[in-house]
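When the chains are written out, they are named A, B, C and D in that same order, and each has its own residue count from 1.
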Amino acid sequence: METLRSILKPDGSVMPGAKSRMDEELLLEALRWMIKSRLYDQRVIALQRQGQFGVFSPGTGQEASIVGSALALDPARDWIVPQYRELMATVHHGLPLEVITAQYLGKIGPARIPEGVNVLPTQVSIAAQLPQATGLAWGLRLRGKDAVVMAYIGDGGSSEGDFHEGLNLAGVVKAPIVFFLQNNQWAISTSRRVQSATKSFSLRAAGYGFEGIAVDGNDVMAVYDAACDAVERARNGGGPTLIESVTYRMSFHNTTDNPSRYEDPKEHDEARARDPIERVQRYLAGLGLWDEKRAAALTDEVREENERALQLAYAAPAPRPEDVFANVYADLPPRVARQKSDFLDGGA
Amino acid sequence: MAVPEVPQRNIVEAINSALVEEMEADPRVMVLGLDVGKLGGVFRTTSGLVDRYGPERVVDTPLAEASIVGASLGLAIAGMVPVAEIQFLGFTAQAFHQIGPQLGKYRQRSRGRYHCQVTIRAPFGGGIKSPEFHSDAVEAQFVQTPGIKVVMPSNPYDAKGLLLEAIRDPDPVLFCEPDRLYRAARMEVPDGAYTVPFGKAVLAREGQHVTLVAWSAAVELCMRAAEQLAQEGVSAAVLDLRTLVPLDTETLCAQVAKTGRCVIVHEAPLSAGFGAEISATLMEEVFFDLDAPVARVGAFDVPFPAASLEDYYLPSVDRVVAAVRRAME
Amino acid sequence: MAVPEVPQRNIVEAINSALVEEMEADPRVMVLGLDVGKLGGVFRTTSGLVDRYGPERVVDTPLAEASIVGASLGLAIAGMVPVAEIQFLGFTAQAFHQIGPQLGKYRQRSRGRYHCQVTIRAPFGGGIKSPEFHSDAVEAQFVQTPGIKVVMPSNPYDAKGLLLEAIRDPDPVLFCEPDRLYRAARMEVPDGAYTVPFGKAVLAREGQHVTLVAWSAAVELCMRAAEQLAQEGVSAAVLDLRTLVPLDTETLCAQVAKTGRCVIVHEAPLSAGFGAEISATLMEEVFFDLDAPVARVGAFDVPFPAASLEDYYLPSVDRVVAAVRRAME
Amino acid sequence: METLRSILKPDGSVMPGAKSRMDEELLLEALRWMIKSRLYDQRVIALQRQGQFGVFSPGTGQEASIVGSALALDPARDWIVPQYRELMATVHHGLPLEVITAQYLGKIGPARIPEGVNVLPTQVSIAAQLPQATGLAWGLRLRGKDAVVMAYIGDGGSSEGDFHEGLNLAGVVKAPIVFFLQNNQWAISTSRRVQSATKSFSLRAAGYGFEGIAVDGNDVMAVYDAACDAVERARNGGGPTLIESVTYRMSFHNTTDNPSRYEDPKEHDEARARDPIERVQRYLAGLGLWDEKRAAALTDEVREENERALQLAYAAPAPRPEDVFANVYADLPPRVARQKSDFLDGGA
């Protein structure tokens, strides 16, 4: 395993001589997003347990990775192509929390990504988003935009053919894109060791003719710096970058999963000790910028926001039967239109 | 002396039992796929296998469907008997070029020098509020790729017997499992090995007036529809095709000729679903015995919608009953 | 003053002409695929385009079908209008997970925020002794993936007009080109842009006794069969469906109701080919107007064999004529 | 472009201090196979031009690559998984030349690979053979054989998702396999430059956790040495190797292709100067082991062999109509059996 780019150590101290692009103010903002993400996870998992929320894949443990990467983007021009575990990255990028929340409640219309928000829908078909993200980045350049695309993928997704084809094409067309690989050590129950014999996924970049880097994915400063470097390179015509963000899935695959069947508790506890949020709090406390009081205040504030979004989502209208036929074609083919009218007439 | 009781099993247990039987009997049999090891598969169909047979024969693979199928082809040529799991049938799309065009053609391409004793298991079907792709009923896509057998069990007994038949079949078999019924009612599923032959449709319910033709979870739907129709005085037979390739044309045609009326029910979208093949076959074989046009009930010709809409999208008892009523006019 | 002559074009020239028209008219239109640049495509359909529009709009891609289609989806979201070429329709298998499940579902998945104005062109069909996979007629696989339109031109005029319609369609279109007819007879194909609407079947030949239903190269086969039938005193109409999705059920049913007899002809294997859907639709819509069961003639239910055997495998004039004779009994 | 492993220079001299595992005797055998391959290409291309041979992809220019790799294998236990441009490698491995020739004549039965010949059929679906080859190698080890698989792929094929999935899985299961990538600079008309931005395809191996090496593919000694190293590693449980054999397609993609539409004549001429056969002849001539007389004798001898194979293939029986239904299933399903009997009864 090659050494990871890192700045902020688990104990909250900074690597000797290391300096991040992230100043205290931005770090406080990052911390706020990370806490917001953690609290949202906790809340909706509780709701799901009460049968009031859909199947959900939390970002718990990966907040530095998710937030640090998103902070490097300019929501006004850049684009995010998610897999499904980067919820707070898309929210930071402008997707209202109530909109993405509505999706988990099975609301159709209310889950529509608003015009002007440069985010693609979550992708369930693992790695299918990568060739698409490459095409998007390529097309934005052809259209004369100076946009950069940040595409997310997991350690599991890195094994799909689409990973290879998407990255190779990006190298060939020098697409303005950052492939952000969250290596959280798991693909459902499948360990990262089973996923590939490579020492580091970042080594794959050389096989596509662009830069690859492995970063401590629980270190928001290091993630942010690596992401900024990559975004700048892409924006300046330097082509793609593959960032492997080495982190850990601290909760579970999703709310239907039970890691006790396959996860070594020791490995889990070691991961908790590398919690991405606590280390930032320790660091800021050392600077006198963080204490119980501030923590409590921020927690209340963020809980508030999350609750408001949840309420909006719950209040949003449920789908109607005819929505089955919505947004399939610009114009329904006659045969499908007939199926629709028969259906609405209570026929078969 | 009491007769030994036949154990009750649901489909998950029946499939697990079939895998255990064959792994015990034949050391060449191996299981590979996503999360089939310690987790025992996302539906637990392979539960316990890795503890019994070890990680060399029960293999968690990288997340790459085309290589799961492609490697199975090579493993078979090496003399292993792979039972590959594709986590959800919808994700056979990622392996599509390795299924029909490779598994299905390898015997022909090699002029019979090689064949592919490979079973691909995959759960599918709606009704359990799954995420996108997890419900897609794409079985008919593999009827269009000759060389692949397509098996669609509807109950625990058939699931075990058909899976053992599949694993022993010298040619590639796609074995589609109705996840909605995985843990539905148990039934008598004997211990030990037994097989259910391919290409033998079975009458799940007798009936005089109309024949409902179905496979997989749609059989259970038709049984419920038949119940309700019985209350209306309509006696509906339910024919379970069990396998689409090979297709039991004989039983199908004889049965429909008997009732003169037929409604085909499947979870796939209507257009070009396998129901079309059934209807076309009946057109060709028993046209003059038909008292009414053969009807089809399927999902609508749109992609599987959000889970919150699936009850509107999927064929329902009401829609089956309505179709039968029209067929009875 | 002499009327300006309408130029004669074969299908290759008609397709090239359509691409030139649209690339001239709309700077967002681009062509990408294998060997579409300097070579002009293995059949020369994109010949000359890279010289005219440059390598930014006429792009030779790496050998990776899934990325050709996946990238096209992204290009479309960025505001480009990609016309992707898959070198042979059989190799859509490598991109299968990016076509139906992605292109076909993206509008629905994004609740209408995004749509995919993407055309996928692909040659296919037997009769020219191609290597394995190059002849596979898999069009029906894409009828089963709602969201994708499936276009099957049979002649140069339609090829140009349907391709222009496809490129302008806001939704994804699979445009299948009959390579056997690429350089067959020329016909009048006007310069300039014109479109042939989707979902409008056309009568390629009038006839009283029986209707032959076909698409793509099978239309030409049916025309030859109709010629021969005429000598036997059988007047056969030939209906060219032109597009499978959307399907012109109206014209199809009206025409078959008129003749009371129908034979469907396609190059794909019989089972679960699109002929099954046509037959099932006729069963449902015009059952009581039928004087004989609707018949199908397709390839056999085996993988496309070695080129040296294709003439035995593919539907032939003899087999079509024989089917019609049976239908006339 | 990283430096290539090489021993025998185009001028027929040996790199200072370089020593090959290949002794003169084996080199003479290699030369014989290379000439046999070149002459076979010339002969069948001529036949194809007269309409007496099927579409054919010659190995011209790649003989060192094709022969050098095959010589490293033990036909008795090892396996070859071809793409389609490695004909003489499969012949060296035991596939009778008349059998593979029969395939190009559309003969069905006569083209069957005989029992005991460890070769898979040629693969038209680019890269589909790689996951299969991995499975074969993996399975042979599970069956307790000490076999090694040599799988061929091209520079074009390296872009397919199957390349990635096949190699990654091989690394994970440590399959006894050698991935032999013939980078002949072309995929039909598509230049290697378009295929990938990577400096060398061999760099991809690190992304899968095994060894990668780039070798001068026109240097039969270097190819042989690299292949032997890889085969030994695989046999000794060391897992896979990716060999990029850098060569040049000196003729054309296949007999339907016309490179003048896209190939730079300069590039072509430079390639001819690196001819893999001539350099061996120069080297052996320098040792007094090669001259006009020997060349003429060998040419006659090899021509003879090729002609005999061609005659056998032409004499082999043509396929019969019923062969359409042959070798699809162990037992034809009833519906297909009925199609067959109807067809043979002259029905539809």
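For this structure, a couple of remarks:
Everything below uses one rule, namely that contacts are C-beta pairs under 8 Å (C-beta built on N, C-alpha and C of every residue); 3 or more make two chains touch, one makes a residue touch a chain.
Keep in mind that this is a model prediction, so the values were computed, not measured.
More C-beta pairs touch across one of C-D and A-C than the other; that pair is A-C. Distance from the centre of chain C peaks at A, each centre being the average of the chain's Cα atoms.
Mean C-alpha position of chain A lies 36 Å from that of chain B.
The mean-CA centres of chain B and chain D are about 41 angstrom from one another, to the nearest whole unit.
With touch defined as above, residues shared between interfaces to two or more other chains in chain A number as follows: 108, 125, 159-162, 164-165, 168, 172, 194-196, 328, 333, 335-336.
For chain C, residues that reach two or more other chains under the stated contact definition are 61-62, 64, 66-67, 91, 93-94, 97, 101, 108-109, 132-133, 146-147, 245, 247, 271, 301-303, 305. In the complex of the two chains, the chain D residues touching chain B come out as 108-109, 111-115, 120-121, 125, 128, 130-140, 142-143, 145, 161-162, 164-166, 168-169, 172-173, 326-330, 333-336. Across the interface of their complex, chain A is touched by residues 159-165, 168, 171-172, 174, 194-199, 201, 203-204, 206-210, 239 of chain D. Chain C makes touch with chain D in their complex at residues 34-35, 37-40, 42, 60-67, 91, 93-94, 129, 131-134, 270-271, 297, 300-303, 305-309, 312-313, 318-320, 322-323, 326. Contact residues on chain D toward chain C in their complex (touch as defined above): 54-55, 105-108, 124-126, 156-157, 159-162, 187-191, 194-196, 261-262, 318-319, 321, 323-325, 328, 333, 335-336, 339-340, 343, 347-348. Considering their complex, residues 30, 56, 59, 61-62, 64, 66-67, 69-80, 82, 97-98, 101-102, 106-115, 146-147, 149, 169-171, 199, 245-247, 249-250 of chain C touch chain A.
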